[in-house]
Amino acid sequence: MTPKVMSMAEAVRRCVPDGASVALGLALEPAIPFALVHELVRARRRDLRLIGPISDMAFDILISAGCVAEIDAAWVGNVSAGLAHGYRRAMEKGIPRRIVVRDHSNLSIGLSLLAGALGSPYIPTRSLLGTDLARANGTFREAPSPFDGTPTLLLPAIEPDVAVLAVQRSDEDGNAQLWGPWGISQEAALASKAVIVVADELVDRSVIRADPNRTVAPAFKVAAVVVQRGACHPSPLQDRYGRDHSFFHAYHDATRSAEGYAAWAKEWILDLPDHEAYLAKLGPRWEALVAQERAR
Amino acid sequence: MTPKVMSMAEAVRRCVPDGASVALGLALEPAIPFALVHELVRARRRDLRLIGPISDMAFDILISAGCVAEIDAAWVGNVSAGLAHGYRRAMEKGIPRRIVVRDHSNLSIGLSLLAGALGSPYIPTRSLLGTDLARANGTFREAPSPFDGTPTLLLPAIEPDVAVLAVQRSDEDGNAQLWGPWGISQEAALASKAVIVVADELVDRSVIRADPNRTVAPAFKVAAVVVQRGACHPSPLQDRYGRDHSFFHAYHDATRSAEGYAAWAKEWILDLPDHEAYLAKLGPRWEALVAQERAR
Amino acid sequence: MTPLTAGEIMVAEAARQIRDGEKVFVGMRLPLIAFVVAKRTHAPNAIGLFELGMVRDEPAPELLYTMGDPPNVRGATWSARTVDIMGLLARGEVDAGFIGGAEMDRHGDLNTTAIGPDRAHPAVQLPGSGGAADIASLAKRLIVIMPHDKRRLRERVDFVTTPGHGSTPGWRARVGLRGGGPDVLITTLGVFRFPEGRAVLASYHPGASVERVRAETGWELEVVPDVHETETPSEAVLTIVRGYDRDGFWTRRAE
Amino acid sequence: MTPLTAGEIMVAEAARQIRDGEKVFVGMRLPLIAFVVAKRTHAPNAIGLFELGMVRDEPAPELLYTMGDPPNVRGATWSARTVDIMGLLARGEVDAGFIGGAEMDRHGDLNTTAIGPDRAHPAVQLPGSGGAADIASLAKRLIVIMPHDKRRLRERVDFVTTPGHGSTPGWRARVGLRGGGPDVLITTLGVFRFPEGRAVLASYHPGASVERVRAETGWELEVVPDVHETETPSEAVLTIVRGYDRDGFWTRRAE
């Protein structure tokens, strides 16, 4: 088999071409693969279609960097800090470009990916009926259930080109194990054409085989395994490091203007060669997040 | 909260009235709650509707005992030994009574329960199209997908009155943890009005909370927790005891006639007060199955 | 004594909405603190559900900034998938849910998507539904928590992200929604009920008044006959709130 | 030397159907042993999928009676839910699947439900589909393994549990099935292919003959022009089979 372990830059080069649909931030607030987000910015990816539920700060970074053409998401913002300034600029003023948004709820994005994972063309739900959200999405259909005539909303399957799984550990084949809430990670991984695993730690195959219930998706779905500690900072990774709340708040304050975003991106992404340099720049603040979580 | 830990007899008395729909054998070949099956026979339950995928030997016991009116299953037999003589007698000759069968496949029974778990009225699939199975089930509908007009089979939600989860461990609240394959356990538990947990071991709440990803369903779904070692014999329970192949084969040989079944049931169910007596009757053979699995 | 904040009154009022033994989508911010209060006072058997796929029967021991913070995951009794927990919601097994909103109309319809007539070219882009529209569609009771502001409590919202009672009687049943819809609206100034599917002021917070609420509300205010001052949080409740949100991140922030 | 059994020939032939790197629903009984043979010979990177929700990239180290036996679970790389693994099948990600059958017609339609014209009052009640109908509906290629018997290889089966190619050209596409349908039928007497959606004898096992196959087949036998004797399993393959199924439980049982 072709070796799958590679650098983040290599994984982005091979698996995320311009125009790709990318599902990420799938565990909701935790385990967001910011290291991959930053690499997409460094690689100047364009016309991406982003798919995800909550996307705390991550989608805003990519939108502000001009990487994004379309979004299928339930929420785009900064969970503990407030609105997403970059998303606002793009939608309100077309800066740096206009993007197309298909609004979802957390359930609808989860069920759409689940339909993809099950090989079913759609899944019906009784959520969202009668809302502008359901109408404005543009891909849903309202239809009576053929069984009892009651109203349902039909959510068509979403099958991303690539799903990104940030996890505590993986083996070299890509058997990736995540604990803590899975959010919509599993259905997104199974529904996607390929998976990039971003693992905090590479472990021996025997570790995986001793506990296969923790594996999110079978290794044959995985095209790349990137081993990168701290890849989710400032979001948390259960039992590895805590959430860096003030980093989220500082981003919120710094990115009120496009210039502010540019300065932030220069400092935290473009002037740094890779995620190890980012962690080094964080310095003791990073070590504290690790120490705090390991101590629990 | 009302205490949930109770004897098997009490759990059957409280949670499985005559006529109830009962999902069991949900992990397919392993973790089949035979101790509960035997108690249903001892309690002379009638008119049950059995729901499950593979039902290795368990459904045959209940059918032969006259407990069953209806079956929704993908397969009723004896996996390593062959046909189910009791099921044959009921279907071919109405002995001890006629039963109604709605044929399923493993995917269709899983998706039907998943629809129930999701609160969706049905889930579409592309499996089984054009088969007599799909037609004869009687509850499915064929319909073109409203999105692209391609044929789909719509599987209506199944919501059992009770699902039985046989697991390695549970706390007293009913947070039940199962490892090894889950089969259709989780969707059945979530889709059901109530869950009976049959746990090999009662553990402290802290054990559950240290690893909540293993919990099959939230405790508020659980109406009864039965702590019974060896409850799945002769099926296996991962890391606790192996499969007793020859017990399956002996049942197959013994139950070729209705009289043979009656003698078997007398010996292994009706003449025994409870599952501890059953394990005692098994004797060293039971100890060997435990020792063999623990040694691995 | 430290002066009472609107956030504290709202938390206390939100806690009263949680009944013992109920299963509640508690989300984050003020409702999560309300869950802590309820569990430690009148509802020790309440259960907290979180849309990332989690159930807790004890609140996290420390203040959370998001529901996915490690202290909220540690000690959960069930950690699964979003569709699993949302499925229980869709099955009608969740008693109540808390949500916030940017804009709301008198029928409880909420907008958290975009301000302005054209969703594709909004005047203000808001974050979106998250799980709120699902909770509002499917929970038996919905409790909404919002800052009180004339521009937020509008006669009509620009976009219905999250369904309320709709502007015509029987709207929810007609469109097929199974949950009960908005039951209570708790603002920084008062508490509304929805007896006929329309928001009616039930109480005004200490320091506010019916007149002030009327002035700050974007629709013609209706008031229950026995409108009264919102009950002041007890010392016991305030002690819990202030012990949990020590720095006042959620309950004392500028409003 | 121990005489060759039909079971051993069938296992060797089944093993040949597994290509290196493929994802295969290997089920149990003979196909599971075929998976062992393939992995240890020409297909070291084949991956085994099991419908109870499991993936293995190494066969279990000992003989299995069911796919849920603890030795088959221990050392799995993924252990999840039936709908997860069947979902990958439905997505078209599974290369091949093995199934058995009680009855089959010349188009590869299989009956494992009931013998007789009325499903509600069968002459013989069979166990049912299990996962077979799904695998036959959805896998890219289907390999069927059956005892060869005139009463089992019938012109028409009483009940189509598991879809083959159907009796009219283009039937699978017309009804909406996406998998490829039966590719190979391996019996106790020979190997059939389905070049035009109809079973055609490609080889007869050592000890059998075209005539014997014809006599034991319930439809008018068709034979490929270059019909030949099935390749005898190599010593290496036999050693693997006999080392794995030591007591001949699956490969030497009375046929």
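When the chains are written out, they are named A, B, C and D in that same order, and each has its own residue count from 1.
The criterion applied here is as follows: a contact is a pair of C-beta atoms (placed from the backbone, for glycine too) under 8 Å apart; a residue touches a chain by one contact, two chains touch by 3 or more.
As the structure is a computational prediction, the values presented were derived from the model and not from experiment.
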Mutual neighbours - chains that touch chain B and chain D alike: A
Selected interface, A-C versus B-C, where C-beta contact pairs are more numerous: A-C
Furthest chain, CA centroid comparison against chain B: C
Where chain C and chain D are represented by their mean Cα positions, the distance between them in whole Å: 57
Separation of mean Cα positions, chain B and chain A [Å, integer]: 38
Computed distance of Cα centres, chain C from chain B, in Å: 41
Inter-chain centre distance, chain A versus chain C - centres from mean C-alpha coordinates, in Å: 27
Sites on chain A at which at least two other chains make contact: 111, 118-120, 125-126, 150, 152, 179-180, 182, 186, 213
Interface hub residues of chain D, defined as touching at least two other chains: 54, 73-74, 76, 79-80, 83, 86, 89-90, 138
Which chain pairs touch, all of them: A-B, A-C, A-D, B-C, B-D
Complex interface listing, chain A residues touching chain B: 111, 118-126, 141, 143, 145-148, 150, 152, 154, 156, 179-180, 182, 211, 213-214
Chain A-facing residues of chain D, complex: 21, 23, 45, 47, 54-55, 57, 73-80, 83-84, 86-93, 138
In the complex with chain D, residue positions of chain A that touch it: 1, 116-120, 173, 175, 186, 190-191, 205, 208-209, 212-213, 215, 217-220
Parts of chain C lying in touch with chain A, wherever the complex brings them together: 28, 50-54, 65-71, 73-74, 76, 79-83, 86, 89-90, 113-114, 119-134, 137-138, 159-163, 166, 171-172, 174-178
Sites on chain B touched by chain D in the complex: 27-30, 53-54, 56, 73-77, 79-80, 83-84, 87-88, 90-92, 100-101, 103-108, 110-111, 114, 125-133, 136, 150-152, 179-187, 235-236, 238-239, 242-243, 245, 248, 293, 296
